[in-house]
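Shared chain: chain A. Partners: chain B in the first complex, chain C in the second.
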Partner chain A sequence: MADAALFEFLHTEMVAELGAHHSDPGPGVSAGVWGEKVGSGGGQKMSLSVLEGMGFRVGQALGERLPQETLAFREELDILKFLCRDLWVAVFQKQMDSLRTNHQGTYVLQDNSFPLLIRMASGLQYLEEAPKFLAFTCGLLRGTLCILGIKSLVTASVASLPTCKFQVVIQKT
Partner chain B sequence: MAVCVAVIAKENYPLYIRSIPTENELKFHYMVHTSLDVVDEKISAMGKALVDQRELYLGLLYPTEDYKVYGYVTNSKVKFVMVVDSSNTALRDNEIRSMFRKLHNSYTDVMCNPFYNPGDRIQSSRAFDSMVTSMMIQVC
Partner chain C sequence: MSRPAHRRPEYHKINKDLFVLTYGALVAQLCKDYEKDEDVNKYLDKMGYGIGTRLVEDFLARSCVRRCHSYSEITDIIAQVAFKMYLGITPSVTCNNSSRTEFSLILDKNPLVEFVEELPAGRSSLSYCNLLCGIIRGALEMVHLAADVTFLQDRLKGDRVTEIGITFLRKLDEKKYRRKK
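Entry: the complex of A and B
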């Protein structure tokens, strides 16, 4: 039971730490987490993409470790189902609540009580802050898809906490 | 006991290749390269046959007079190729499967290493190297 809390606390600290750098009132340009220059305007975008990058690398590692012994993915939909069931259970101890598709490469994954948002609020409070807390998870989904052979673009949207939707658009090469 | 072990990335370039008689390495490199075609054939054949249980272990890819080549593919399309001495008849299918399973577990550990970038050559992992050494034949 306590294991879930460890990741939630780490994630909260990550968002706080990476978000703090952009609001730092330094002399114009300050050094970012990775040593590159971070301007105060582009700072938030930089920290979101850093978070997304971290999620991507974790997703790649999970995509290698989680699938079982058999070559179970016969088509794209199987991989998305794996994300909704096995990946979500491994990371958040629950399954995704709904998966919808337009059968043309776009999937919408909806979680009605997303564990990283559920501690914050229930309703419309903190709606502007929510995207920061979803960047890592978007990267996680993108990384797992990438390692399983699907290039994609993942975005997240929140209408009201703690329900959030992840939109996965498969890039056709 | 393997004579040569190779890990090939999804894009068909080698991530790790090591063979035991270290002179004549090129011969094993060529063998692994030619076996990639057979691996691709097996993977696409598996896709068409609507078999429910598709295995990661591909089995014997092709036998030559001195060596036998075995293959294994992961869910992320990373291929493991193992060349085994033909004269060692005591080596059964089960043992090859367990060697591949150990390889897969070690490869997964390498992937989870934060200092490893996926797609790079597996150079600095001592754990992986020692696992492969334990699988290779002892040549005095």
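Entry: the complex of A and C
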């Protein structure tokens, strides 16, 4: 669908540009978003947090536009199932392939062919690049969860392209 | 039988909104990174250029347009096929000079600014949609056409309409581009 293509092109360009752009932290050492020291080695972290932050704001905005019935969820698990089915279909035209939980606030969402990784060769070749392509989506999940009343930390990992796992850890306030 | 989830109207809107919202987040981030409006504009144009060089392949694969014989035809296709396909709008086209190398696309509706009421404070020279200019320029370059693409009018700046000007320069690599018989 053409709309999805436009988002994918924009996302790819953002990863390429913001990644390169933010990897030079400038003179001196400054504090990153999570208080980490950002020096020459921290450049990568800074650009990932910029992408994640943008994803977070977009996730919040999307969350505010969800149909009314989604706001009536009672259980945390229902919300995660909603993310895996409805949100993922709305955003990526497919459902998440699996959802696992330890029933203690940690969820692992697995996508076996994540659309934003599909264009990269499959297998292990571009593994190093993969985190840059996942940062925005981690933020997106975190932002939507925020609007649905859940504070979380979302990280992603790739063992082999284009399969990736999103780990959602609920933060108890 | 209920409709499959991705065809439900509210989810279609989420998909459209995703691009528009992401674009808004990008502009906001660039405004943080650059103090001067012209730097943000340049950066948006540069990113658009990168997107355009790749988007043109996607466009040609989806649209099966036939070979064009004039700048006028090309501009019509940009307005009536490409804009329609990717943004769901059809700008009107006007030709601005007798040698038929300068054109304008008049955007009546603009989905990119759906959630933008006015330019941010202190950003009166920001060309909010400058990504579009870069996209058009990059796409044209991939089919061996050099063009200047810029916003001539912008509703967000108080103009009556939003107008993109396309000025075709020369064909790139003209010797190489001559059709082989």
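Quick note on the criterion: the second predicted complex is superposed on the first by the 148 of 173 C-alpha atoms of A that agree within 3 Å, B and C clash if a C-alpha of one lies under 4 Å from a C-alpha of the other, contacts with A are read in each partner's own complex, and residues count from 1 in each chain.
Heads up, the rule we're going with is that contacts are C-beta pairs under 8 Å (C-beta built on N, C-alpha and C of every residue); 3 or more make two chains touch, one makes a residue touch a chain.
Treat the numbers as computed from the prediction; the structure is a model and nothing was measured.
K.L.:
By the touch definition at the top of the document, which applies to A:65: first (chain B), second (chain C), both, or neither?
P.N.:
The answer is both, since A:65 touches chain B and chain C.
K.L.:
Which of the two partners, first being chain B and second being chain C, lies in contact with A:145: first, second, both, or neither?
P.N.:
Neither partner.
K.L.:
Can A:57 be said to touch chain B (first), chain C (second), both, or neither?
P.N.:
both
K.L.:
Is A:48 contacted by the first partner chain B, the second partner chain C, both or neither?
P.N.:
Neither partner.
K.L.:
For A:74, using the defined touch cut-off, is the partner it touches chain B, chain C, both, or neither? Pick first, second, both or neither.
P.N.:
First partner only, chain B.
K.L.:
Give one of first, second, both or neither to describe whether A:9 is in contact with chain B, with chain C, with both, or with none.
P.N.:
second
K.L.:
Where on chain A do the contacts with chain B and the contacts with chain C coincide?
P.N.:
57, 61, 65, 67
K.L.:
Flag every residue of chain C that touches chain A in the complex, lowest number first.
P.N.:
On the chain C side, the touching residues are 5-6, 10-11, 13-19, 21-23, 25-26, 28-29, 33, 43, 46-47, 50-51, 54-55, 58, 62, 85-88, 115, 131.
K.L.:
Which residues of chain A touch chain B in the complex?
P.N.:
57, 60-61, 63-65, 67, 69-74, 147-149
K.L.:
Report the residues of chain A in contact with chain C in the complex, numbered from low to high.
P.N.:
Its residues touching chain C are 1-7, 9-14, 16-18, 21, 50, 53-54, 57-58, 61-62, 65-67, 85-87, 89-91, 93, 136.
K.L.:
With touch defined as at the start, can you tell me which chain B residues reach chain A in the complex?
P.N.:
Per the stated touch rule, the residues are 10, 46-47, 53-56, 73-77, 107-108, 111-112, 114, 118.
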